[in-house]
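Both complexes shown next keep chain A, but they swap its partner, so chain B is in the first and chain C is in the second.
Showing the complex of A and B:
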């Protein structure tokens, strides 16, 4: 099995870089990785796919039930909403941040990059609980607003969509900043200089040169954030309200509470297909740009 | 001389911390000039070019454009064009759009843009490649696109920062011709940076020699080659023989110099020298001829020596003559007409007094 997979992996990589002659001997070096991925990812995935079609015999009842359920469609809609909102917000906040960091000198840039990475080093569970404390009714933000501005916010900041967004954007920002920062730093400074000397204003330089050249990185970041947020489950569970349930939370419900593994598996397969489709669309945008 | 120069650099200095990148540079660029900033790498010539462009701010001094102080004006409002060594074409735009870029910035209407871009493409003979991406072109083609982009909006001055530095010799020579042709045909004003003295000599109307962050000499290529005013210029531009000596006064309309290794030599009259002053003589290799000891050589400077090396370079014979233990003189004579001398033969070096340039610094 592993030998076959190794060869097919080699084929796939070969397909991407068609210029180099295939070296099947070297494909063996990928064997350990292939075995590992097969054991912990591919095989379980196949099992999940099979499970979704099995309830005391072959059945498509799971899928029928899902497609017929209004709950599923509502949750799917929420999932896509949260995914797109969180991705968009992260890009909107991440791009200026990356742009700013790219202008910094070496040392401040390194410090800024560490600051951006910091959320990475904390468990998402810990962060979520921290946000509950910070954003809650008696949390630091609401207390400060009350104390210093005598301002009482009409809405809660947590256990609703706001809470979910804060948690998710906080988690996603590094995934936006780094690809974009890399791209910005790799852009030859002469291009901006050339545009400037040719008469472009700073705004024109940004929109006609810097921004257009960073489009591939924006798409890469968008793919990353979409993939990461579509399956998110801790954040909406802890920081969201009842209406912020996502597909992953529904899967969790079916596996652990309803104990209906067929449904859970069918949902998982659906989620996989949907994120696959989204990535497909996004990478097409990328390839249009690159042509 | 009442014509206002198109660009005037006045006492310009650029200092980064403790590093002086440019010191007190003053130079005028007239309309239609092809001024080359020539100097070794790290001499400050690119810094000078970039301060004219406005991308490197001056620490002190002024840049005037047509008499108006532009020192504090940002690069996008100076109305210049620039060609870079690495082309700096926009990779996301086609050749057409690259050349159209400065016109789109100026919100020109699209039919006009089309006409102008096509004219510019014709000018650099790339008309068929309008829809290509820069990456699909060779280095020489990319640089021609960059040239088209720099001329298409008729900037007041076109700045060129070693535009041929990344190309191989043959391509470089071809493009040198094209740039010269563009300059002549458009009547453009060009400021050109290079470290290649041959390029500077063949292309410029004027050369500014830059060394050690200073503009040390400005002149026409002809002056720079035949009448350099400093030892540095004599050594950097072209090949030269430099001989040490002491000034011994004027005679018969010539200045005489006693060489360090002995022998009196006459040179072009030089004013303001004190007798006994240390001077350096410059002799171009091609200004010297070789003769046997009994050839008639009236009226010429003469030095005797022994042929140390003699080789055919193609167009010329290159002969090295040892005059004494320290002094070796390189002589270049046309191979088609000049006599060949075997190594170790005794010869007489002879050259006209007016071909001897006496330098004091």
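Showing the complex of A and C:
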């Protein structure tokens, strides 16, 4: 392994500087990972950037085509809609769940954590299959409504926006629960007690102490959900309809069906820029909160 | 944090729990159905779908391929992730923060963008569609995760034990292999299992990198859901849920390092 020889080289050359030497040598332990990331992550991303500007020579035709196509703007709109709605909804459902788990004693909390971890660790394909079974025309929900309430739902629950949102929110909730739960558990209980002693109602304690202190975790969750959902590929393909195609599905289409790598790469660069911009905006919100 | 739990909060939490668990629970009864028609509740009990899974050469080949890839990914992501986690926690050298940001990057880039890059890159290198390509792609994808789990384990280990070993004459390498690694064996095992599972279930990178020859289980499932929604999926889903449950419980138990 390169770190081994690297470390011994560092040992030989920096043996004199006794106090700095261990730190210097320990830094060499990052070498294998840095090599892997450089060779299998940085280079592919650079290639995407170059490919987006290349079609038998330098060109910006890929970007021109994208910006000029109504299909792209429609799909971008769908992507942003689904991203924002799913992020918001999963925060709205994840926060009370985290708050509830935070109040539990040790053992019930461990069980609750496993109930959140299990869906987190379950294959997206298992979940998609299950939701098709649950939400489909012959699915559990529709069958139950038919049998017990003799009610026939006019709208489909899957292969449209509803199906996508159900799948996305289910996928995102654990990513909201963990950071918020960590934050809630780390908050010193004295603060709440002090607020109660000073005459605050439980509602005031929540909104003016607990909730405000948990804002950084909410922002962290939001960043995570945005990054995860903006590039989502499987859920819209399996649980959505034709109109729920997202940018990732369009990239796939250009790569594998249209065999137009320039377009695919240009789309990927745009997706990267948009998600980077969203992360920046959200981290700004975070730093404002802290000051 | 023990406060007062109001009834509406309890109900809300219960509903969200039910929503989270429903998909995992629903596939279990479905997998024992005695009919090829997907319906709930199933009309009778049988092992038919499991037999169909284990007798289907394509399903078995995909499962073997996924196991092969996930094993390679576990090895590579641990071999690179554990040392870098050690450097990030124990070295105070200027520049370590940059390395940290560098190694965590795959978490911030949408997987589809990375997958497309790998697709074009490996096509140029002539290794697209190979098991090696899948192992490399998944290892990078899992690296930040492995690093985070190992860092959390290292933070709970007293660094003075390493200083003691060093004062007694152990080299940096010796300290790492004989002192540090045994102390964080639990978190390393947890990180390895998580890495295995993430790779075993990963779809997007595999969708771009696998060929008919190296089709992984998730890709086989993906096409199956897309085209026919085969009932065999219920049996596979139940087995995968079981695997997730085992790894998730073991992982939680192992993450605490031994004192």
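To be clear about the criterion, the second predicted complex is superposed on the first by the 264 of 291 C-alpha atoms of A that agree within 3 Å, B and C clash if a C-alpha of one lies under 4 Å from a C-alpha of the other, contacts with A are read in each partner's own complex, and residues count from 1 in each chain.
In this section, a contact is a pair of C-beta atoms (placed from the backbone, for glycine too) under 8 Å apart; a residue touches a chain by one contact, two chains touch by 3 or more.
None of these values were measured; they are calculated from a predicted model.
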| item | value |
| --- | --- |
| Chain B versus chain C as contact partner of A:208, first or second or both or neither | first |
| Dominant toucher of chain A (residue count), chain B or chain C | C |
| Which superposed partner A:78 touches (first chain B, second chain C, both, neither) | neither |
| First, second, both or neither for A:52, with chain B first and chain C second | neither |
| Touched partner set for A:194, first chain B, second chain C, both or neither | first |
| Partner chain in contact with A:97 - chain B first, chain C second, else both or neither | second |
| Which superposed partner A:231 touches (first chain B, second chain C, both, neither) | second |
| Contacts on chain A seen with chain B and repeated with chain C across the two complexes | 202 |
| Residue ranges of chain A in contact with chain C within the complex | 1, 3-4, 7-8, 11, 22-34, 36-37, 40-41, 43-45, 47-48, 51, 93-94, 96-97, 99-103, 105, 110, 112-134, 138-140, 143, 170, 173-174, 184-185, 187, 189, 192, 202, 227, 230-231, 233-234, 237-238, 247-248, 251-252, 255, 261, 264-265, 268-269, 271-272, 275, 279 |
| Of chain A, residues touching chain B in the complex | 188, 190-191, 193-202, 204, 208-209, 212-213, 215, 289 |
| Touching residues (chain side chain B, partner chain A) in the complex | 53-55, 74-82, 84, 86, 88, 90-92, 101-102, 104-106, 149, 153, 159 |
| Residue ranges of chain C in contact with chain A within the complex | 1-5, 9-10, 12-13, 16-17, 19-24, 26-27, 30, 38-40, 76, 79-81, 83-84, 86-88, 90-93, 95-96, 99, 102-103, 105-114, 116-121, 124, 136-137, 139-140, 143, 147, 166, 171-173, 176, 197, 201, 203-204, 207-208, 218, 221-222, 225-226, 229, 233-234, 236-237, 240-241, 244-245, 247-249, 252 |
